[in-house]
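Here the chain labels run A, B, C, D and E in written order, and each chain numbers its own residues starting at 1.
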Amino acid sequence: MSKEIGDVILDVKNISLSFGGVKALSDISFNVKEHEIRAIIGPNGAGKSSMLNCINGVYLPQQGSIAFRGQTFKHMNSHQVAVMGVARTFQNLALFKGMSVLDNIMSGRNLKIKSNLLLQALRIGPAEKEEIRHREAVEKIIDFLEIQAFRKTPVGQLPYGLQKRVDLGRALAMEPQVLLLDEPMAGMNVEEKQDMCRFVLDVNDEFGTTVVLIEHDMGVVMDISDRVVVLDYGRKIGDGTPDEVRNNPDVIKAYLGVEH
Amino acid sequence: MSDSNIVLNVSGIEVIYNHVILVLKGVSLQVPEGKIVAILGGNGAGKTTTLRAISNLLQGERGAVTKGSIELRGERIENLTPAELVRRGVVQVMEGRHCFAHLTIEENLMTGAYTRSSKTEIAANLEKVYAYFPRLKTRRSSQAAYTSGGEQQMCAIGRALMANPSMVLLDEPSMGLAPQIVEEVFNIVQDLNQKEKVTFLLAEQNTNMALRYADYGYIMESGRVVMDGAAADLASNEDVKEFYLGVGGGERKSFKDVKSYKRRKRWLA
Amino acid sequence: MAFFLETLFGGLMAGMRYSLVALGFVLIYKASGVFNFAQGAMVLFGALAMARFSEWIPQWTGIQGLAFANILAFIMAGAVMFLVAWLIERLVLRHLVNQEGATLLMATLGIAYFLEGLGQTLFGSNIYKIDIGMPKDPVFIFEKVFAGGILINQEDLIAAVIAAALVATLSIFFQKTSTGRALRAVADDHQAAQSIGIPLNRIWFIVWCVAGVVALVAGMIWGSKLGVQFSLTTVALRALPVVILGGLTSVPGAILGGLIIGVGEKLSEVYLGPFVGGGIEIWFAYVLALGFLLFRPQGLFGEKIIDRV
Amino acid sequence: QAKEQFFPLLSYRTGPYAPNGIPWANGKQDYIKMINARDGGVNGVKLTFEECETGYATDRGVECYERLKGRAGVTLFDPQSTGITFALTEKVPNDKIPLITLGYGLSISQDGQAFKWNFPLMGSYWTAADILIQHIGKKEGGLEKLKGKKITLVYHDSPFGKEPIPLLQERAKMHGFELQMLPVTAPGVEQKSTWLQVRQSKPDYVLLWGWGVMNSTALKEAQATGYPREKMYGVWWAGAEPDVKDVGEGAKGYHALNLNTSGQQPKVIQDILKYVHGASQGTGPKDEVGSVLYTRGVIIQMLGTEAVRRAQERFGKGKVMTAEQVRWGLENLALDQKKLDALGFAGVMRPLSTSCADHMGSTTARVQTWTGSKWEFVSDFIAADEQILKPMVKAGADKYLADKKMTRRTAADCQS
Amino acid sequence: MLYRENGQFKTSYRSDQQIFPILQDRLLVIAFLVIAFAIVPMLASDYFFRAILIPFLIISLAALGVNILVGYCGQISLGSGAFMAVGAYGAYNFFVRVPNMPLLPALILGGLCATVFGIFFGLPSLRVKGLYLAVATLAAQFFSDWMFLRIKWFTNNSPSGSISVNNLQVFGLPIESAVSKYWLCLAILVVIALLAKNLVRGAIGREWMAIRDMDVAAAVIGIRPMYAKLSAFAVSSFIIGMAGALWGFVYLGAWEPAAFSVDFSFRLLFMVIIGGLGSILGGFLGAAFVTLLPIALSQILPKLAGLFGLEISTAGVSHAELMIFGGLIVWFLIVEPHGLAKLWSVTKQKLRLWPFPH
């Protein structure tokens, strides 16, 4: 499998973040290159999700900066990040509970919708065409994720695993350049994890989307990622290819344990 | 299974959500005293629903058991409140953590001891939980909502242990936990099971782990039990291997190489 | 200066009376996450019961003593409030476990209508009197310092003391007892609370009883001031800015919020009102509360609103 | 088809204003029952009624109106609320049903040439304000003594409370007194700041323009801030038993206007006790019969009944009158003392006669004071000063007509 | 058996995205409109129009507006009465001050006044949430009550502060008769409901719901909370303002601020909750429940009592009415916490399965 790993697309420099007394992140730097699958691992409470939250502009780090395609930001702003093409899934499911699967995924395309309020209210000509165009794109994603049967079900009623899939669908709908995935495979059995891996790999292959992935299943991480960052209590203790990381003594001590 | 020491006997239950969505279509299972029983199955199979039915937490989800019976040590329990069940020693750890967001970790744990009255016992239990999960101790005064996903999972499990249960219903305990913690959680389960004779019924996606620690397993699929047997037997079943353990045909397949095409499960045929 | 002080005191006292009503909201919100719309109706119901019982008791027993009638009436009204709490738990809350805030809010609205109807059916819709011997005439202090002295209202002062005592007791109850902790747990997550063995039914019954008694006390004090009739329900509207300013979940917040709102609205009406034609105090109270919220969206002492992903 | 003259009764027996609404509504009902029992109706036409609960809310009042206006033999409406009156004022010309608003409503509707269907019988808020100022003036020893005095109006912050303001301003200009206005937000349960302001500005008199709980609260706050009740003068809606009953001693010395006497002595009340309560047909408790608002209800119902009788004189005795015919009756009421005596209203009220130009009929009221346990009159009937009122009413009515692009009724229309 | 969607295959997204994708629903709605526009006017009595249908239509319109804000965007508001008042007074001022102002533009301008007011009082929603916001919006309510009582200009210097309108015309046709008023309200309601439905099922609707369900996640997918919230306030207060103008112009004819009191705000909120948050149909059902039920009760109860030989006084009836109304609210919530609209859809779902239970 040949894949062109490109230039650095996302460069995290010296990020520190603390909440009151808790230092969630201290002086973290790492980068993500175009088209790669970059994993972030670490024990619970290491600061992985917080890292994504900083990139997304949900948290404002006290120190450090983040560069996207060479453009450096002190603080990210959620809207801006979305416009730049960064999408995200959530560890604790942040779906829009009252909406159907279709609407949830459609909402991922809202940034691309151009008609104004009045046109939308009248729903004539261009507004309707636009709606249909986006619907087509979303249907592709729905097919891809194999959730056709649940299209019109309110997401709140879906079992956990399918909700995770919808979450991914919503992120994909943004046609992102960078996709941040926070434990997308938690609560799934092997079969379902395989499906999920296939989705991630396909997206990565077909659209060249860069993927940043947090996952606790080492099998998955080691199999599909190109490079891995390891965090522990807010510090970075390892960075490199899966093999390098697997053999890094600090990482073994802090996270993997002896067995793996 | 010998039915002499069955603590929990679920027979033929049907569960309907919202008066229209039929989810469990006649599920029966038995949990013997002092054993660990696992319910396995894919997303939406009905594992959570089964556990909710047992612990009587369906009402809040607008679900109801419409057929069948559930017995705890010979007593019908369908009409007990969850609180009464806890007093009988049955505690559920809910899927998705459900920590009390505004309470600190320690307060969360303390509410778990609501049914306990002895101060010394509570203090001892608290120490035990902290010993099991040292991470919780360091975060004890942080509001639960502001702890990481894994910390919340530990908190939820610890909170259930505070009630000194004789039977625990664990819903996806390993979700979101780092591998060593998963290992630890299962060790704790084993520990409690062996030392304190706590019975466990656990719903798990991590089949590998579950079958390693459980005595007996049920596999559910779309609201039915499709297979059951001793854990060891299940672990060597071809289908189970392929679909739940990811080691079909001998070697473990890399996640990178899975094909879109998959064999159909035998029981679906 | 003297007038300023008078207004200030007046505001503080009025604020304490609002706090009494606000407290009822806080209690139920804190303990079950329900915004209790029926609080105003409960105040009316309690006051009606108290007023009518104290009127009927001398007739029934033939004993004329004011104190006797009042104490007995208070006890009987309290019992009625307990009964109401029990019914509410049985017939309403029990069936709405784990539902969203809006649903529960609506349910309390249904309760409010029901209590308004029932209260007026049982006790009448005329104006009734609660006479607990509150001194009505003003006293003046600092007469040496200021000409005419500063007017203090003894009735208000007593009300304020009662409110403060209630708040102190309830704060201790919430912070220090395991029931208090259980109540807060229930407010966060009904289902999880059930799953660890907290008996929702009992908890709710207790809270509604406490809220019922608080409503009764509020009804008694307001009723002795205003006379007991339907308009008592509208004092709830006066208490709302107090609740949000202090924080929906904070018992001491209800007091502090009350003081701020009371002072703020009286000063504004007296000093700003004349320039714009008066009648501004009610919206001023809300705008004041809103102003505070812009800086602390959860109110002064409210628990932080958590949104995490 | 039985001959029945139907009276729709809009009332409020629940809600914030119920304590005042109940005796009022009871008086109306009892009078109807009494007329039927004693006289067998009006020249053989039975009076019927149906009550409709408005809760003092405008939209419910409109609903009641729409529901009852189409009934056979419908006579007239008395909405018991200024808010509902405003809404119905726009509707009655189309439906051709008269609206009587005894002592409330739109002051300018006294001008019958502009307001064909409105009848603010016996008084409006302008006359009330005028009478109060006259009384105060007399007490001071002449209206000119009011110069430099300070009068504070504490009013219900609604059109009802604001109605008297133009007249008071006019009077203030004339006599040189200072007018302070303090609005109280409805329903008026919180008046601390109002009364602190009163305490600060120490007015010579306070006029109380309240309704419902606002009145008793005002009296209690006045007591709490030490403002002498003797210097407080209420409008006739602030001078009934529910306003002072639970204040008791605290309201002692408080004055209020009254349009009618109260008590159980008048013959009409005795008749009600005899024919209605005697037959266990009474609407409310017996001891409430003859209270201020109850008696006012009786008067209103009597005026309606007499309008029917008057109309029958012209359009046919013993027939059921249409609302339009009743309107004529209302416009041509001529209740002199003799008639009033015959009706059993001797001493209860003053004679009253209406015309096309004057839909009010008479503009007198008395001042009463609360002794701590009952109301006692302290003045004779005082008439409002037509000199001042007439031009104001006319100007107001003209503006109303101009805004609406309507014209005055012609002399011919007045005859019809 | 009648209500089945099988056999109806959608061949294009366009047809799947229709307002009512299921044929039976479509027919039902068309039938409903035909009945409402053509058949009802032939049957209903004057009372029915003036006292029931017209207020019901106007309140439904207001409930629709409230539902956009509360149900779709999740911003609980108790300021709806104020928005109605601003709409009514705004329209009034355009109507009487601008010479020859036609009615419809005046109503729309009234709505726009409400929009401005709504956006202004919506600003706190950027920081304040949930019940805190709900209570805070009461500031708008009490402020508008005060403003229209105190500032004479708004009431065209009427001494009592009460105002009235007459001589209403649309395209030269007088709006006097009950039927013409009914048609006017119905037409406005249908048009606005259609536009609103389009909005809520389109991109902006998804933005509102996203903000409602999970605002952090919404921000992360690029939805700007400020735009979403304020646009919801704008659209909702426009609709509510229109409703307010109609309430004043068409239903009451003359009004004072008390006609749009805080009670109204509360009632509107109840309607959308009991009807079903986030459902256009729910607004109608809720409006029907809250406005029509008390009227029905007040007429039925005495008759019912009469059947049993009891005589209840008016007061007794109104008290019983309160109790029954309260009891019914609770009962419906227990049956279906998500409101009448949900109850309806569950019923439909059952119908689809019928005669099988699941």
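The working rule: a contact is a pair of C-beta atoms (placed from the backbone, for glycine too) under 8 Å apart; a residue touches a chain by one contact, two chains touch by 3 or more.
None of these values were measured; they are calculated from a predicted model.
J.: Count the touching C-beta pairs: is A-B or B-E ahead?
T.: So, comparing the two chain pairs, more contacts are at A-B.
J.: Please indicate which chain is farthest from subunit A, where distance is taken between mean Cα coordinates of the chains.
T.: So the chain farthest away from subunit A turns out to be D.
J.: Would you mind pulling out the distance in Å between where the CA atoms of subunit A average out and where those of subunit C do?
T.: That pair's centroid distance is 48 Å.
J.: Nearest whole angstrom, what separates the Cα centre of subunit A from the Cα centre of subunit E?
T.: From the centre of subunit A to the centre of subunit E is 41 Å.
J.: Centre to centre, by mean C-alpha position, how many angstrom separate subunit C and subunit D?
T.: Each chain's C-alpha centroid was found; their separation is 37 Å.
J.: Going by the contact rule already set, what residues in subunit D reach two or more other chains?
T.: Within subunit D, the residues that touch at least two other chains are 13-14, 18, 22, 157, 183, 185.
J.: At least two other chains touched by the same residue of subunit A: list those residues.
T.: 58, 90-92, 94
J.: Could you pull out the residues of subunit B that touch at least 2 other chains?
T.: 21, 146
J.: Hey, which residues of subunit E end up touching subunit D in the complex?
T.: 45-47, 50-52, 55, 96, 142, 145-146, 149-150, 156, 159-162, 164-167, 176, 251-259, 263, 295, 298-299, 313-315, 317-319, 322
J.: Which residues of subunit B touch subunit C in the complex?
T.: Listed in rising order, the residues of subunit B that touch subunit C are 55, 57, 59-61, 81-87, 91-94, 98-103, 107-108, 110-112, 114-115, 143, 145-146, 156, 159-160, 162-163.
J.: Using the touch definition up top, name the residues of subunit B that touch subunit A in the complex.
T.: 17, 21, 40-45, 48, 95-96, 135, 139, 142, 146-151, 153-154, 172, 175-183, 205-208, 243-246, 252-256, 258, 260, 262
J.: Inside the complex, what are the residues of subunit D that reach subunit C?
T.: 13-16, 18-19, 22, 157, 181-185, 187-190, 192-194, 196-197, 199-200, 212-213, 216-217, 220, 223-226, 242, 245-248, 250
J.: For subunit E, which residues count as touching subunit B in their complex?
T.: 337, 346, 349-350, 353, 358
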